[in-house]
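Both complexes shown next keep chain A, but they swap its partner, so chain B is in the first and chain C is in the second.
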Partner chain A sequence: MIGLKRQLVRKTQYKHKGDTIEREEATTVVDEALAEIGSNGGLTKQTMITQVTDSLYKQLIRAYEERMPTEEGPHSLDEIRGQAFKRFEKLGFPTVKHEDWKYTNVQPLISQNYLLDTSTSQAEVAIGKAAIPNLDTYRVVLVDGIFNAELSSGIDVPGLHILPIQEAFDQLSFAKYFAEYADKTDNPFVALNTALFKSGVFITVTKNSVLEKPIHIIHVASATEPLFTQTRNLYVIEANAEAELIESFITEDNAANNLNSLVSEIVVHENAKLHHYYLQLAGKQSSYINHTEIYQKKYSLYNNYNCSFPGSAFVRNNINVRLDDSQVESHLYGVTLTAGNQFVDNHTVVDHLKPHCESYEWYKNITQDTSTAVFNGKIFVRLDAQKTNAFQQNNNMLIGEKSAIYTKPQLEIFADDVKCSHGCTIGQFDNQALFYLRSRGISEAQARVLLVHAFAFDVTNRFANATVRKYVEHLVEQGLENG
Partner chain B sequence: MSTKDNELLKELTLEEYKYGFTTDIEMDIAPIGLTEDTVRMISAKKNEPEWLLEWRLKALRHFLQMDMPTWQNFDHPAVSFQDISYYAAPKAKPKLNSLDEVDPELLSTFAKLGIPLDEQKVLAGVVAVDAVFDSVSVKTTFREKLKEQGVIFCSFGEAVQEHPELVKQYLGSVVPQTDNIYAALNSAVFSDGSFVYIPKGVRCPMELSTYFRINAENTGQFERTLIIADEGAYVSYLEGCTAPMRDENQLHAAVVELIALKDAEIKYSTVQNWYPGDKDGKGGIYNFVTKRGICKGDNSKISWTQVETGSAITWKYPGVILKGDNSVGEFYSVALTRNRQVADTGTKMIHLGKNTKSKIISKGISAGHSHNSYRGLVKIAAGAENSRNFTQCDSLLIGDRCGAHTFPYIENRNKSAKLEHEATTSKIGEDQLFYLTQRGIDPEKAVGLIVNGYAKEVLNQLPMEFAVEAQKLLAISLEGSVG
Partner chain C sequence: MLSIKKLHAEVEGKEILKGLDLEINAGEVHAIMGPNGSGKSTLGNVLAGRESYEVTEGEVLLDGRDLLELSPEDRAREGVFLAFQYPVEIPGVSNINFLKTAINEIREYKGLPPVEARDFLNMVKEKQKLVEFEAKLANRSLNEGFSGGEKKRNEIFQLAMLQPKLAILDETDSGLDIDALRIVARGVNQLRSKDNAFIVITHYQRLLEYIVPDFVHVLYNGRIVRSGTKELALELEEKGYDWIKETAGAENAI
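So, the complex of A and B:
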């Protein structure tokens, strides 16, 4: 009964706030929750959590309680973590009854047993899998979320500050932005991450700096025992700065199963530019629940290129862009190629909070075999965000006999002088096109690769970095041949 | 917005609801409240067989256990189910044989509504009408003529008495009692409605039509419509609705079930003009309706057309289950909201059979402080080979305090299906307005022209006589709204 009531409270909350919850409200809810917890004597019966997942949930609670007294860092961080944990306790792990997780069942993931520490991480890992041919970068390597100074290279350049996140707690600019953005959403994994993250990086591109080379962050999963990592990043691009950021995800061949929760908060200041690439190349032992929250200031540009390839069994990406000032531009591009029994889910929110902004979103999914792709795109145009131009497109090729595509392109418009549109298609190979190519002596396999190439072209030709684009096109070809 | 716009908006909001009169007629009203006794009382009044009473009671038990949904895109009003009366009928009189015996007050009500109840006046005989006053079907015209062809068109109560086998076979077969809370409520307490059966191979010679009128205070209207088109049959059916102006909200929770057998076609059109409440959102009808059709046989077709201009809250998703191979489902909708009205409407197309096709055209127009949502589901099951869907949902915003929302769900599990979805949101183009005005057309007419052009695709689907009516309705509702 209590659980039911709580669920209702939660749901109303979502409905009112769309994707964000306000702090005060969250606090009252937490208070209620505490009262209930008290009346139940310790742990409550969480309706959102099934018997099976009790273990990880309990494990996390224990982990939180144990670390509390020995918590390093300033008091304010303690407080933020405490609040976040309460929020997580309140929310619990999501189930498919939750609208945002309708097609994404995390129960099989969280019902497994994981270590919460990196004691079985490997000291020597190969990062060759993430190498991008002909691209010189500032390299940052995170092994199971932990910054590895030996493998990282060339990062000591003017205009670029990279710090392991645990060393950044006392920095003023860190405190100013940390947990200011992602924690306003109702994603339970963000709350959990804020409460319990252990590692990650804090990157600042200083005022007026234009970086010569891209920053390449390589996330390596290596632990030989099942591991649940929670990594936290904060990227601040200061005024007039420009940077390219590439994040690759790879898995060591002998790594055990691992579940990775990565939360990144990004602030793009006035007139700054950031090109941000995600290249999902991990192996099938790895599962990811990633959340990226971007805040943009006046005249800024943020481009996200989100690419997933066959491998990782389960990928969930939340990418939320808040256009929090006028004259802001954002582009979100995605190419997802799935194979085997993969599951890839991309949730995006483009939130137009101020007038005179422009956003452009284009996601392409290609599903092979028995894989599943999910796309959930949401454009908000808030009251008074006049003169907004927002565009959203999602095209899908369903190739696999038993694969599935679920897509939800949504618009929520509260201003009248706007131009917003979205489109969505699901289709297959065009038989006529295939015939045309084959009649000209091109093998069927090659013809298919060509057609997929052409399908993805709308997105890949918008990549700002030609070397990355070539690399991605190559990965698409490779993914099709092996698939 | 300019002052002129404001004036025009003001005018628009004050536009009177011309059907807001009440009729003073002796009514038989059930005591307020909902218990098993209420259901028994309704059933007894209708002289229903035992199985139907059982069916109702089963629905009631479900209803009592169900929770209010919370996923909708508006604040669900607190409906107190114990504070309304579930049955209201003009005082029982001996069975009527001709129109002369109908209460003249009632006749004049329908005359005010412009419903050609009087057979003498419509000798041309294009439309057969079933008029439902509060909860009871008052008079069905042209019954004899339809009977010659074997067409059954009568009130639901009569059908239960005269054709129990048909009712028993199909009642609840498309919308089960447990479908949703309002369907359960309707199943428990429905008082009357229309019943149509078109026998094999018959093309119904005239349009069938029902007019619904809520008259009494503190009552809910719960009617039930069941239309069965046997093999190769065709029928076009239209419903229209009005209600008096009252300060409190009234509930209308109907259920409509359509069954199309092999090669049959059903065309169902709605012109909904319930009282929308005043400009501050006081009063008005809650229009929570469950409408669903099933294309049971091969090559069958169901087409929904709706013009929604009334109701404080419109909440319905007329859907089609495409079970037969080669079956076709269509949904055409114009929803106009103004003042504080809310419309959360759309459709569900469930493709199960091979070569099934569906087409969705939805046009939303929001003015004032109103909110208009399109919510639709297109689901392609694994076995629905070569299915095809086309969806277009456009929104037009008039004024900067209204909202337009789009929530499409697209789920595909089949390799050979092709789906398209597109949506746009915009205001009335200034260049379009300028073009028309500079040719000497005044702004008001110009807006009328543009909106009618915008909605034409849907209005064209209505039967001729009603298309004219709907066009006028749109024009009245939009008068003076230069945006």
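So, the complex of A and C:
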């Protein structure tokens, strides 16, 4: 919307004020805005691939059958895995016929051959690519999903418990939350992950603890043979605790192709606060299918800042927030800058289940070259969720003449006394603005950087951590060609 | 300083400038008047390098340098400044950040180091005072939410900050109230020196009472059809353009 010629603007406002609306108590309002724009006609980009190669599928079935029952864990983990696997078998991998995967064709990814074990992971990896200048953190490094104690540092602090997930199975607090949230969705990758994940971390920020530094989880893809990883995380922020969590994704230069499925379940307890950053910086060999399920309790705050940059060939993020108590606040921010032939898809769900909650979502996409970005944001306001305040906005800037953007903001309201709004815009560089800047001596490249910064500003200016914000602005600059 | 010879330019295939000649020396102020649609803004845009205007013939030299070969940013760095008739709003780009970027890029082009933060701020203060432009610039976006007059004042403020060799003011007076007009004119007069030159595009003789031009030209149908001293502006004010159009038409017929 900024520095943009508006080609498409859509805004819908709903204000239902209890009595003033006749014959509309407990109304269901379903609203969908669908915009598909691409100079190549948009729709041709993701053509359906009918050939179904199920080598990975067969491999996974075999892996499941051959797996060893967990020895140390409670018996129920095997049960959970068993049920999850049945679900996966029933669902199968998604195809573009599924509404949620309409633009996101995973067939080319799953029809490749992968190792399922980390036998070709590298012992020595460089984590410099994930370094955030001037930021002191508690560092957690996962190499191909496996916790690496040598590379991790400074995590032995009061109030913070970090355990490789394999070692957490016997913990009560783990059993209480594990697979309680993400598995309620119909995402086949979650079912598969629950059934077969091998590694990940279980993080607890204990009651009343306010962490001094952010936790920085660095996910490194390193295997020198094609690898399919399934990583599982559980983060529990206990009552009154406060934490910042930054997750960076990077790839070793000499890594082979890899496909990574990460499922993270997050529980934010009463009056707790979590600021959660995703910084997608991986190389083009790496592809990701991530699912984050957040469950919030009373008076809690969860902020997600989801940033993707040029690199990774394929990224799908599902981020679902369940506001299952009153007085909950959630913010979802996104900045996606794509280049080359990248594909980045962000699917979010904000689920208002109880009254007096507030959610705020703002995603910005900037596409260069022949890349594709997808945004799908669903807001549900359930029958109980009176006095909900929900805002959603998605703005898109098509820079590449052959880039494409698919955006679909959705709002489903079942309560009658709520305040909700959503809207989306799609535009290009504003040539007037560009010329104005250049006519003052600013180079074209720098002018573009200024305009893209301006475009992303509504989102970046809301980053709680100023150092991360600066870093992200720098990454945006770096990610713009000629920038 | 500026030498324009037989300049032809078109927009979207339509010829707007049709053989325009103009010579400007350092230290001079030239006023350009002319009916709506005659090509005044086009001339400004062509000089500033807007890409949608295509030069089909002719030459423009700035101190002997071929201006038409340069990108818009290089023209600005060489000292060309166009105060726009309609300055654009750019939300999200801060005024101050924008100005600093511009000044530093111009300095870099000239082989100078970036401006010191304190010097920059002092300069901002001083120049804001010069044009009595009190808007709090630090935390406001470029022209966003500025009134018409504020936008024009911001153009002159930028002019004062960038200190160009050749400044083109495209109807800077339109939309200004009488006080603002005086202030802007005073700013321009203070910036006048023997080393720079101004092209002042205007419809009104009133501005020329404040910024007294050395020459007045009438642009009609893509060409300068008449040039004179400041008395020409008075004559135009009195008689309108019809007599010019007639004589120009007659000349064209020959």
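Assume the second predicted complex is superposed on the first by the 423 of 483 C-alpha atoms of A that agree within 3 Å, B and C clash if a C-alpha of one lies under 4 Å from a C-alpha of the other, contacts with A are read in each partner's own complex, and residues count from 1 in each chain.
In this text, a contact is a pair of C-beta atoms (placed from the backbone, for glycine too) under 8 Å apart; a residue touches a chain by one contact, two chains touch by 3 or more.
All values derive from a computational prediction rather than experimental measurement.
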Give one of first, second, both or neither to describe whether A:L451 is in contact with chain B, with chain C, with both, or with none.
-> second
Touched partner set for A:N113, first chain B, second chain C, both or neither = neither
Scan A:D417 for contacts with chain B and chain C and give back first, second, both or neither.
-> first
Once the structures are superposed on A, label A:E401 by its partner contacts, choosing first (chain B), second (chain C), both or neither.
-> first
Pick one for A:Q386: touches chain B only (first), chain C only (second), both, or neither.
-> first
Does chain C touch more residues of chain A than chain B does, or is it the other way round?
-> B
Of the two partner chains, chain B (first) and chain C (second), which one does A:S443 touch, if any: first, second, both, or neither?
-> second
Where chain B and chain C land on the same part of chain A: residues none
Using the touch definition up top, name the residues of chain A that touch chain C in the complex.
-> 1-3, 430, 432-433, 435-444, 446-447, 450-451, 453-455, 457-458
Contact set on chain C toward chain A in their complex = 48-51, 71-73, 75-77, 81-82, 84, 87-88, 90-93, 97-99, 101-103, 105-106, 109, 141, 158, 162
Which chain A residues qualify as touching chain B in the complex?
-> 4, 8, 11-12, 15, 99, 383-384, 386, 396, 398-428
Please give the residue numbers of chain B that touch chain A in the complex, ascending.
-> 67, 70-73, 75, 382, 395, 397-427, 483
